[in-house]
Amino acid sequence: MAIKTEEMVLNMGPQHPSTHGVLRLELILEGELIVDVKPHVGYLHRCFEKHCEAMTYPQVVPYTDRMDYLSSMYNNFGYAVAVERLLGIEVPERVEYIRVIMGELQRIASHLVAIGTYGLDIGAFTPFLYCFRDRERILSLFEMTCGARLLYNYIWVGGLSHDLHPDFVRLTRDFLNDFKPTIKELNNLLSYNKIFIERTANVGVLPLDTAINYGMTGPNLRASGLAFDLRREDPYSIYDRFDFNIPVGEGTHGTVGDCWDRYYVRVLEMYESIRIIEQALDKLPEGDVTSAIPKRIKPPKGTIYTRVENPRGELGYFIISDGSLNPFRVKVRGPSFISLELMGELCKGHLVSDVVAVLGSIDIVLGEVDR
Amino acid sequence: MSIYDVIFYLFAILTIGSGYLVVTSKNIVHSAFYLLFTLFGVAGLYVLLAADFIAIVQLMVYVGGILILLLFGVMLTNKVTDVKIRTGTIHIIPAVIGTGLLMGVIVSMMLRTNWKSEPGELPFTTTYGLGRILLTDYVLVFELLAMLLLIALIGAASIARRDNE
Amino acid sequence: MKKAEAIFEILKNKFPDADIQIDSETPTEPIISIPPKRVYDISLFLRDEEGLLFDSLMCLSGVDDANGEKIKQEDDSEIIKGGTLSVYYHLYSVSLKHKVTIKTSADRENPEVDSVEPVWKTADWHEREAYDMFGIIFLNHPNLQRILMPYDWDAGYPLRKDYKNPEFYKGMKVPY
Amino acid sequence: MYELLKDIFGNDIIAYIIGAALPLFVFILPFALFAVYLERKISAFMQDRLGPMRTGPYGLLQTIADILKLIQKEDITASETDKKFFNLAPYLVFAGSYAAFAAIPFSGMYIGSNVDVGIFFIVAISSLVVAGLLMAGWASNNKYSLLGAMRSAAQIISYEIPTVLIILTIVMVTGTLSLEKISQMQTAYFWNWMIFGGAGWGLTKFLLFPFMVVAFIIFYISSLAEVNRTPFDIPEAESELVAGYHTEYSGMKFAMFFLSEYANMFAVSAIAVTLFLGGYQSPFGYLGNTLGISWLIPIEQLFWFTSKGIFFVTIQMWLRWTLPRLRVDQLMAVCWKYLIPYAFVNLIIVGIITLL
Amino acid sequence: MKQYFKNTWEGLYTVFVGMIITFKHLFVPSVTIQYPSVKVPLPERVRNRLYVNMDDCIGCDQCARACPVNCITIETVKSLPEEDLGKTSNGKKKALWVTKFDIDIAKCCYCQLCVFPCPTECIYMTDVYEFAEFERNNLIFNFATLTADEAEEKIINYEKMMAEKEAQKAAAAKAKAEAAAKTKKEDNSTEKNNGKEKDSE
Amino acid sequence: MGLLDQQFSDSNIVITKAEDLMNWARLSSLWQLGFGLACCAIEMMATSASHYDFDRFGVIPRPSPRQSDIIIISGTVTLKMALRIKRLYEQMPDPKYIISMGSCSNCGGPYWEHGYHVLKGVDRVIPVDVFVPGCPPRPEALLEGLLKLQEKIRMETLRKKSV
Amino acid sequence: MLTEFGKIFIFLLLAIGFVGIALFAAKLIRPHRPTKEKLLIYECGENVEGSPWVKFNIRFYVVALIFLIFDVEVVLLFPWALTYQEFGFYGFLVGVIFLLILGLGMAYEWRKGDLNWDRTKPNIPELSKILTNKNVSNVKIDEQIKES
Amino acid sequence: MIEVGLNHYLVVSSILFSLGVYGVVTRKNAVMVLMGLELILNAANINFIAFAKYGNFGLGGQAMALFVIILAAAEAAIALAIVLNLYKTFSNVNVDEIDKLKE
């Protein structure tokens, strides 16, 4: 009989520095070894879907903001695309371009938080603050455009709430130029740091077939080696007009699909987003952004499932319309919700410290998990 | 009573008092912690006996090593149901009487015997002297100790590892 | 790449005994409806059949169809009797790049649906959520308990159209 | 001075307390507070921030406010803790880390206790800290605390081996265990420092130099681990174990852990300085010698010693705000698989060199 | 073996690289905004506390209907025909007394949805963000310019008028029953509302 | 029985001075319980980040409630979370303070009407000292809330409150 | 006479005294308002499940064990390091043999993997293990993706 | 009161010794027995060193004490490893019960 360390149940969260909000992980430990991880969610369940049923279509937009609060723009975007498809309306060119610019800026901002907090989880405090410093500049761009720093309510069904600020293009270009060296610095400081690599490489390896079966999407799936990006795969808006690469995990320092890959895919995606934004800025047409906004949104009876590639993966909106002013049912398929499901599988057999590494690498936002 | 005496009594009381607690406390982890003070007290006694090097070795090996190992051992092997780790005791009364007798005998023997008590000329610092002894008189012991430690290391590790694969 | 109609034909041929229908009237996406107790077989078939290979479940949503009889209570609230609760499955095939929407409806009073958790692991939490929100019972689900609401929530299923808030939860006032 | 006080009081104990121990205390305590301030400022500047600004000019009073606040805080001893040991642990930890200062030579005139086995004593007394930490962790009856304490203990004891091996290397070169003597050996100019191969101009010096650098690096790394600093701060890793072994401690008891942590940082830096970088010796001669004012020399020495010490404390902070932290198994691997073998080989090579 | 030395080297080297980066940042000027002493100007579109310019408000209730969280409460009373409420700045005629215009800013989600539908552009978001309070009730802002007494008065006035009208209508109703019944219905509903308000006050 | 538990009936200069000193220490070293709930937490993080730098005010996050003085409820408090928040608050040693940040924790915010699982205001479970409005409040607004709190602490007194 | 160790002892006493005084001073000032919740053990706001005083990971123990032996070894080496130069090469040899013998032990431990913290391989989730029902498609997924 | 001398140390050591014996005899727990043993060894060591000082044997006594400490360490390591093994086999470290279990 081998010596059996008694199993110990250790709670991580809901108040814990590294659970990225209010998540409770119930770790079952054998010494420091993880036997099982049970995520308990719902501490931030804010009844989004119930609210949708009581709101008119435009009124839902501010609530989508609050779902995945790190990528509010993209939530608006996805919702707008879904309702537009339901209504069957076209939006002006300029709107599409601005949406893409905003969406990609949001992607950078969101990835910056993901990377920064990941550094924090691994124990490096400084990269976190560098990331937030740069993110602050994106936020000020957003604020200039729509007046809010975090929850924008900017992309509306059929259009946008405001046109771009006259300085926006110039400032964005400035920002992008300053930002590229910063990513390099970040890489040197964190990504290529030996300690960081040791902590993340070969940890929490997610094989491709499991990822697909678990419905993993976004950077997490790409890190497992599949170049699957909805912007390519199932194009919405005008993404088919841009030239960008889809970074995939290559297992540079360990196995394909480990935490380092998941982390690094995000870093590379920031480069791609920069490219998309630059192209979009170049081609940005003139026009009116509010012209296509319907006065009364009253879609026909029917259902629609629309998905967009939000910074965390496939954000799906399933909307059932009963022909009235309010949606009959809105269901959101959040990428974090699905990623978190895998936590238990990924952590088994690792040490306590690795839980933090794995959790950080799948980059969840509890607002979206719980809605 | 000189200051030397005061310190001696202090350490003696510390040693014996916590030694008593070691053997009597119900909770084995408590025992281990009390052992810390006993060992510390003994180290103090060594210093008083002009054995500075040994005193520090005592601190380092006993407090820093054996005690920690014991603590880990305790934490590893004891099934702790709720709060207290209880260790059973057997036949307390005979044991008390027996050891009491034993103590009496030894103490009286110690006191009766007329030890040739003449403070020797110990060098104040002993490390250097110990080093010389180790390299001259005890050089074989020195190497043998290395062997012993090697065996202990391998033995202990393999026993601890056994069928833990 | 297969259209929903083609998939419907395949299913029809494969499961002649099951009541499978297609509703292509919705302007946006055709929906294939299948009976709740055959969900497991059919989804396993959808996943594993050559040429279909729906290897990923994008989304699983419970819906309260609210098509039953509405009864007014004395305190002005409504409860719904009869009708159905539905589950929508949005499937996607990563390898073949086609998608399909499947729907199944179960009685509101006894909403039992086969679990697809053994087919797509991701359904685990989705189904728990549907259970939590609508009280749809997924047969053979390994761990069907509340997920978002507190485990000891006993005031019903909040996303049902006739849900009513309790006044207090553990001493905390719930309504504003 | 000590003699003078002895004459006045007619009792060496009181004289010692007033003349040596208290001043040292008075020095170390504010140092810990200052170090906290320094750390916050350094981290802030590294992160393009400002750090404490609003409490006193440039936030200078920040840590004083902190400690004053901690005094006012309620002291919670949770009902399921093992109260006796819970209360005892801060004493042990604090005493253990402060006793180390007794043997550190701050200047030629100023050393708490010129004990002959000085460096050995410092290593040994730190085991009190280990026991204290384990006690704190165990008595807290908190899982995070216990895990943290276990990790802490395992870490500190493991890293004691490379530390001691390097100390052995130095002892082999210098032939003494007394820190005072080691400091004296590296007198006057920086090329006499141990890291440059010690005093004298023989072949040995040049042969020793690279190995001394290696030794220094190993020593510094393991001393980082001994004081639980990043990248070895897993025992109190915020992102995993909340606050490690002092999770349950509040108020003044927590302050004791806090103070001893920062005092420890200075202690290990001081040891590194003494062993490798000339201790209290000035790198380029003494003003006092040039001017012929002999009482200036100890003051200069004190100045050099503290500034060197603080310099290395600063580097510790610098590292902390740069690096992520290791995992517990990697931590052990670094110690057992890297540092110890290197130190081992280094020791033997240095031994051969000294025989030449 | 090679891996062993490579690890050692990489460990030391990358740490060194990192240290250089952070060292450089020691001399990068900080980006901190020293808030209470320095306040950066906010962009013009910034969305903070709501403000209602009551001079322009016509009490059309559009904003309250647009608000997703229902944090605007507006109560209005029809003005008497002889009262002239003036015009708004963009030339709309005011016809209602706004007896109550409360915004519970504690509930507001700063989505700006209420701003767009306003026909007179009198509700807008300002750049005031410093209004933390010790009491939550202080966060309910009353914009109505009428005092409670005045509001009371307006309601009574209106009711009086309605009563008179009613009397007239009652007389007229005999002549044209159907038409009168229709108007009555409408009036009743408004009256009902007013009655309710009165109760609550 | 500590000094802070006492209440003096009359004030003298010593008490006033001691009071001032203690209040000063308390208000300048508010260690925050590192803990975020929802979107507001992101703004709270932004407040501790370089641009706004909480550290200037002496606010540093402590992971354990045992060592913190202030808890910033930053986000939506759900029913499931409320009891935990209450416990965390309880587990902080006295004296302790609460800032309620954002509409959600003030009164349920956008979720006050249909939020069947949202606690409508964190003051239903724990006593709030300062309400910071906003959704999310700008970092400056949070800082202003903190300044308000400091003001409040400065006014605290050991003297018996005249009833 | 006050020996050097006496000074250290005084120092220790002073440190302990300081802690005592500080804690006592704090006791005079701080409030004391325990409640039941406050006195619960902290665990992220959740209920504590089970005691932490459980049997612990054997790895800590093995580390302590190896440490102990090496600790003892370096302790023995201290007197040697002080004096070996006096004996020249002979002295050195004695120490080196000692060291090498223990180095052997170290090498043995290393080979046996006792220096590794955990010997279990982290488990990589494999779909075939997770899914219970027969699964034909998974192999094909990979193939088809590669083709496309 | 007489000045502290050899006898004082001897008395302390013998008391410690008896305590150790008491511990070994009364405790069932193997780790506890080990602690008792440590006490005994310490008592012996005090004697060694006391005689080294008062008996004028030079450093021989101290060297002996040093060896004893080292032996104690080795012993503790092995003994604890054995205890661990006993625990593995019997899930118990109570000596008498293990005795019974053997049969």
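Letters are used for the chains, namely A, B, C, D, E, F, G and H, taken in the order the chains are written, and counting of residues starts over at 1 for each.
The rule we apply is simple: a residue touches a chain if its C-beta (ideal position, glycine included) is under 8 Å from a C-beta of that chain, and two chains touch if they have at least 3 such contacts.
Remember, predicted model here, so these are calculated numbers, not experimental data.
Chemist: Pick out whichever of the two, D-G or A-G, is joined by more C-beta pairs in contact.
Modeler: More contacting C-beta pairs are found at D-G.
Chemist: Looking at CA centres, what chain is most distant from chain E?
Modeler: H
Chemist: Find the geometric centre of each of chain C and chain F from their Cα atoms only, then give the gap between the two centres in Å, rounded to an integer.
Modeler: 44
Chemist: Just how far, in Å, is the C-alpha centre of chain E from the one of chain C?
Modeler: Between these chains, centre-to-centre, one finds 40 Å.
Chemist: Would you kindly tell me how far, in whole Å, the mean C-alpha position of chain F lies from that of chain A?
Modeler: Distance between chain centres, rounded to whole Å: 31 Å.
Chemist: Where in chain C do residues touch two or more of the other chains?
Modeler: Expected reply: 55, 94, 97, 121, 148-150, 158.
Chemist: Can you list every residue of chain G that touches 2 or more other chains, as numbers and ranges?
Modeler: 5-6, 27, 29-33, 38, 40, 42-46, 48, 51-58, 60-61, 64-69, 71-72, 75-76, 78, 81-82, 84, 117-118, 130-131, 138, 141, 145
Chemist: Hey, what residues on chain D touch two or more of the other chains?
Modeler: Chain D, residues with two or more chain partners: 13, 44, 46-50, 53, 71-76, 80, 115-116, 120-121, 138, 141, 143-144, 147, 150, 153, 157, 160, 177, 238, 242, 247-248, 251, 321-323, 328-329.
Chemist: Applying the document's contact rule, which stretches of chain D touch chain B when the two form their complex?
Modeler: Going through chain D, the ones touching chain B are 13, 80, 82, 84-85, 115-117, 120-121, 123-128, 130-131, 134-135, 138, 141, 150, 153, 157, 160, 177.
Chemist: Which residues of chain C touch chain A in the complex?
Modeler: 26-29, 31, 55-59, 61-64, 88, 90, 94, 97, 101, 120-122, 124-125, 133, 146-150, 158-159, 161
Chemist: Give the list of chain D residues in touch with chain F in this complex.
Modeler: For this pair, the touching residues of chain D are 40, 44, 47-55, 59, 61-62, 64-66, 68-69, 71-76, 238, 242-243, 246-251, 254.
Chemist: List the residues on chain D that touch chain A in their complex, please.
Modeler: Per the stated touch rule, the residues are 43, 46-49, 143-144, 147, 230-231, 233-234, 237-242, 321-330.
Chemist: Which of the residues in chain C come into contact with chain F in the complex?
Modeler: For chain C paired with chain F, touching residues are 148-150, 158, 163, 165, 169-170, 172-176.
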